[in-house]
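Notes follow the structure.
Every chain is named by a letter (A, B, C and D) in the order it is written, and numbering of its residues begins at 1.
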Amino acid sequence: MDFRPDEMTRAFVDEAQNFIDKHVLPAEPVLAAQVEATPGDWTVRPVVRELQAAARERGLWNLFLPPGPHGLGGGLSNLRYAPVAELTGRSPRLAPAAMNCAAPDTGNMELLAHFGTPEQCETWLEPLLDARIRSAFCMTEPGTASSDASQIGTRVHREGGEYVVNGRKWFATGAMNPDCRLLIVMGKTDPSGARHRQQSMVIVPRDTPGVHIVRPLTVLGYDDRDHGGHAEIRFEDVRVPAANLLGAEGEGFAIAQARLGPGRIHHCMRALGMAERALDLFRDRANERVAFGGPLARQGVVRTWAAEARVEVEALRLLVLKTAWLMDTVGNREARREIQAIKIAVPRAVERILDRAVQLFGAAGLSGDHPLAEMLAASRAMRLADGPDEVHLAALGKAELRLPTPASEGVVQ
Amino acid sequence: MDFRPDEMTRAFVDEAQNFIDKHVLPAEPVLAAQVEATPGDWTVRPVVRELQAAARERGLWNLFLPPGPHGLGGGLSNLRYAPVAELTGRSPRLAPAAMNCAAPDTGNMELLAHFGTPEQCETWLEPLLDARIRSAFCMTEPGTASSDASQIGTRVHREGGEYVVNGRKWFATGAMNPDCRLLIVMGKTDPSGARHRQQSMVIVPRDTPGVHIVRPLTVLGYDDRDHGGHAEIRFEDVRVPAANLLGAEGEGFAIAQARLGPGRIHHCMRALGMAERALDLFRDRANERVAFGGPLARQGVVRTWAAEARVEVEALRLLVLKTAWLMDTVGNREARREIQAIKIAVPRAVERILDRAVQLFGAAGLSGDHPLAEMLAASRAMRLADGPDEVHLAALGKAELRLPTPASEGVVQ
Amino acid sequence: MDFRPDEMTRAFVDEAQNFIDKHVLPAEPVLAAQVEATPGDWTVRPVVRELQAAARERGLWNLFLPPGPHGLGGGLSNLRYAPVAELTGRSPRLAPAAMNCAAPDTGNMELLAHFGTPEQCETWLEPLLDARIRSAFCMTEPGTASSDASQIGTRVHREGGEYVVNGRKWFATGAMNPDCRLLIVMGKTDPSGARHRQQSMVIVPRDTPGVHIVRPLTVLGYDDRDHGGHAEIRFEDVRVPAANLLGAEGEGFAIAQARLGPGRIHHCMRALGMAERALDLFRDRANERVAFGGPLARQGVVRTWAAEARVEVEALRLLVLKTAWLMDTVGNREARREIQAIKIAVPRAVERILDRAVQLFGAAGLSGDHPLAEMLAASRAMRLADGPDEVHLAALGKAELRLPTPASEGVVQ
Amino acid sequence: MDFRPDEMTRAFVDEAQNFIDKHVLPAEPVLAAQVEATPGDWTVRPVVRELQAAARERGLWNLFLPPGPHGLGGGLSNLRYAPVAELTGRSPRLAPAAMNCAAPDTGNMELLAHFGTPEQCETWLEPLLDARIRSAFCMTEPGTASSDASQIGTRVHREGGEYVVNGRKWFATGAMNPDCRLLIVMGKTDPSGARHRQQSMVIVPRDTPGVHIVRPLTVLGYDDRDHGGHAEIRFEDVRVPAANLLGAEGEGFAIAQARLGPGRIHHCMRALGMAERALDLFRDRANERVAFGGPLARQGVVRTWAAEARVEVEALRLLVLKTAWLMDTVGNREARREIQAIKIAVPRAVERILDRAVQLFGAAGLSGDHPLAEMLAASRAMRLADGPDEVHLAALGKAELRLPTPASEGVVQ
């Protein structure tokens, strides 16, 4: 057992740290100003484009994607990517996008890399890897408990050489962005099939007739419009060529599983970076802000918060790293319990850390003047995204109690 | 000891319940639509005006204000008002405003009723009681720990027959609204005086030259523009007649204390109403939403949440009621420990209840489709508003440990 | 609504406070010495006898028992008894026993008063009210989840003029004491009857042939031998006259419900007294003990603990009082949700307060030198006694969610 | 970075696992019976002697002690020892003692190995390594906050060729055991010296005139008499040769630091083993015990508990292992923050896991019939042993806030 990161990891970490400190953090107020100045706009802002160019030059590009069957990708192993991804979490609105490592595109690129035909990869994956277009993932539906895949209401039926999609999806992150060109849609091709063989995934170009972007949704009070927002979408007799099927019919659930494993660990990595950023802000504020005769850092409660945060971050980072190592060595499926564990533990810890940082900052902490409020909202949302904690707790609890757990409980739920 | 509310209380509760069920709750989507349709608008929306007329007809008007020295007011005792205020919390954006019982106007009206001259009352209190104008309270400042009144940076100095105000304030709720005509501003008239005698309060008409509304602030993404928002304000050589002083010079701190006691209990009452609303939504959702083979209400974790919420609400409501009774019988000052206690306990409990309700609702819970996300943000903000929990905990802890506690720790901090 | 206790309550509280301060607290080291000196002894110690005489003189005797059908009792209403019971919790090993208000005798006396025949009352209730004998309640069984009454394994069958009891019980508090003369035993008379009509209760004199006191049990290391310990008992063909049936056949479950309501509120009242005692000790220690340059009371964490304890105690006391008021005014059955609420909330809050007091005291807090460790163990046990929290949470949660709740979920479970 | 334990570790783990499963766990009831049968006896019981012989044969002996300057020891690195120590925590009363790896002897042997003269090692260390004698560590004192070393009241002054010791110590674990031959005593040799140079350590044979074993102390209700108990000791003009000084005068504090680092990590390792044992018991109980129509494992709350326990154990184990790796690679001093982190985090997590296991077991969980109650008491005590959590939190918080931290805050406090 050895806790020292290898040389390659250290090199990427140094490069990323340097890039983020020198380029990304200073760009935060620029982004804020650009977003402020363009209220109805859902596109990627110019400052992000500039950072993308700079990141690409430094080799900080598509690092999330391990080399795949089509020769695309060329990124890092999960274990090596983890600390880099954590660093991007320090500036969550900018750094992941700058390095083309932002959800939901990352997950969609993974799907294409693993399950896409060469044609699909050429058409969609390459421009995504090149950040020329963006994508969205359409799984969650209004009106049903989406963590229970058997309840999916969207229908995808074959008619001749086409699939016809009908249904409603929401919280399709990024889909308000006009540069979002493709939607990966999960629907039922065989509603009477076995519970986890009913679903399939199809690629739906966003400009296909019948795709109605109904409205943007907010998360707490945020519309996240610099990131393409969160859309409700109605699919009304949307027809795509049969070649747009991703994988085979009935594999939708299995594909979703494959997608969610890495997606979850990426979220957790970035969340730890958010916590570290919050701790930096916390530290500075505690030392600078004076109340009742001394700096806040002099107060026992403030010190306790700092200590508890540090302990949690250190322990959870190790669990994330071990999970990454397992994914690399025994595969996502064997690592599913660890993935569930971090999916449960990291967001709640990070949310608590952010909550306390906000508390230290007072009203300013809830405002847009610091990144804390936005990160707090994001960490709160993470307790629901990709399945609510309670679903993961139940599945992990069953495993711990050695109860029979259906294969499906591994990752998706 | 008797836990039954008296007849008068029951009558007002029935009337308020009826009004809220029949008029206020159905108006919520109307407000949402009106707000949606008018993005840059910070005024009171038409639906609120209509509800105000209806509430006034029913005698549900200004109930927060006990009869005062000027013959104005005519509201209820704290004990009788408490359950009515709780009911208004069920629809926090509409009901308090509809019944002219919304912060910060309530606190400002109280100040005027208690400390205002007959002229001040005529000029400002009467139109406020009549809802013809709105008001804001300018205490918190950017750049200092505002719970420590000795740090206030705004200066109010006398020049001849005028006071000249210079400084910056923020989180002045309601001040973005053009109908907000007066600002009650706390500043230092005697920076070298005794720690809690340095401050004074002056009434500053919002249209006085030198009053610069700098920008609106957000709270967890919300701009609260239907409620006049939260403004940052710069006061630059703002001159008001000496007659605009509220109370005497050096009494600013004492007046703030007087204001914050009732303000805090009102917040707590409404917060309990928010919790009850959340529990109604929780109950319906748990019974209707099906996942993994049955309604969510069948799950043990969901039942536990419901039970724990019920226990907390019941216990804390009693503590709020007892505090109200103490304020009525022995006075706000003697009730200061209980006021601190509810200020600490209620928001954190209500926030937890809302958080769990959001969790039950999934992504929808964080969206604007249900009132939960907004109430969650509001309850989070309550842990900072009128002094962060930690300041109150420290003061209450000192009292519990029988340490000498300065008079000032009673209410403001 | 009125939060002031009436004159009668105040008089009893004054008397009890005086008695406890002057007589009971000084007797604590005496009891400790007497217990220490008599390792194998399970009887009531001499100092308790002396205190009983003193309490009786002052009219502080059997206050728990409201006047009953047989003219026995003569105690206080629940609302009036509550603050007196709380005071006895300040010295939980001595005060309740001194005032003949200690479990399990109180519950057993209530059962006899409500369900006993005149003969049963004469034989058993009178000497219990006179503290000449002690009693135990035999409900919990090893090997089954005793909160599920349908699982009770003990059999009570009629043979001619007798009932024959066979089975095993444990955690029969007080039953190691040779002065414990009667056991009230719950068993099944009709195992094939309706779920909550299978059980009956019989009075079994402890010296009946076939009653085997198997062994004493410990609770977190404590044998509670000054209180008669906790016994495992085997009943082997134990024969009692049919006249020893308490109530009618099949009423065992209903009788248990009747017993547990008051028992639970008494536990909660005393637990609050334990918390107040702990806070007194906490306060003194925090002011006296110096570390790292100042008294512990100077530390923010210590103040926070004191404040949070005070808030919880104040809120929960009101909930207990309201529950008592409901029991007096609408009856135990209608008050069952409130009884469940305090049963859940009080022990966990009191345990946390005790835990923090122990933490302040350091190693001494876990030793026998202060009452904290013992009270901590007692409060921990309360989360299991009379049904684990989780059973109550589930029942209360079902009620809150408006799910059908069987009558049986009111009190026993 | 590599999370796979090396071959040597795996071999020792296999051996230890096998020994514990086959020999130690079956011996638990034997120990219980031997302890039960000998109430006044504080010595090591026969079954422990037998297990010691068996462990020694298997090479499971003194593994805690890395090879030292005197050629003694021969144990494992911290990283390799960690999983073995964890396994011993599964049977905390037997396994550590069986493998001669039990506190406080381990810490005392470390001190002798690192700071002892050849003579001291020959006289004391060799028989300790051979388990022929036992030892105790006398640091904590009644009447002062012992985590503040400057408050130590025991005096050790030089008179000619002797040191004279006067003072009182308590919670000297193991010192009730007549086989305990030496006491390592911390006292002040220079009360007017620099704050952390006032203290020295001397070896005091337990049978020296003037050593008065005052009484045994309990921890919650346990006297731990199979482990030599916890003694209060009075030192009254106790004279030992000057050669009994450990290290140099004024080095007492530094030596204590050196002792506490490994001591704390050992405690944490064993605590994780306790948690794993509890989870095994939890799992079996949840699957076997039926209530309200099904096994407890069917209940959502039970599953949640199992899942949360698993997550915490996995994360904290990694933090312990990383700390061990740091101690091996950069030294105890550089690893002090991580040592503090695990000292804070592990006991509170393990206590919660044990508490929930107890809750699942019901009353039985608090009794002596299962190891849970005893382990719960032990984990509770760990939050105080070697310094209360709050002292560590404050020190770690200061470090996190980059405040100046005295060297002394590294380990002892």
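Keep this in mind: contacts are C-beta pairs under 8 Å (C-beta built on N, C-alpha and C of every residue); 3 or more make two chains touch, one makes a residue touch a chain.
None of these values were measured; they are calculated from a predicted model.
Peer 1: Between A-B and A-C, flag the pair that has more C-beta pairs in contact.
Peer 2: If we tally the contacting C-beta pairs, A-B comes out ahead.
Peer 1: Taking CA centroids for every chain, report which one is farthest away from chain D.
Peer 2: B
Peer 1: Which whole number of Å gives the spacing of the CA centres of chain B and chain C?
Peer 2: 43
Peer 1: Centre to centre, by mean C-alpha position, how many angstrom separate chain A and chain C?
Peer 2: Whole-Å distance between the two chain centres: 53.
Peer 1: Based only on mean CA positions, could you tell me how far chain A sits from chain B in angstrom?
Peer 2: So the centroids are 37 Å from each other.
Peer 1: Which positions in chain B are in touch with at least two other chains?
Peer 2: Only 299-302, 304, 390, 393 qualify.
Peer 1: Would you tell me which residues of chain C are touching chain A in their complex?
Peer 2: Checking each residue of chain C against chain A gives 299-302, 304.
Peer 1: Tell me, which parts of chain D touch chain C in their complex?
Peer 2: 39, 140, 142, 145-148, 151, 170-171, 217-222, 289-292, 296, 299, 301, 355, 358-359, 362-369, 373-374, 376-377, 380-381, 383-385, 388-390, 393
Peer 1: Mind listing the chain B positions that touch chain C in their complex?
Peer 2: Residues 1-6, 9, 79, 279, 283, 286-287, 297, 300, 302-312, 314-316, 318-319, 321-322, 325-326, 337-338, 340-341, 344-345, 390, 392-398, 400-403 of chain B touch chain C in their complex.
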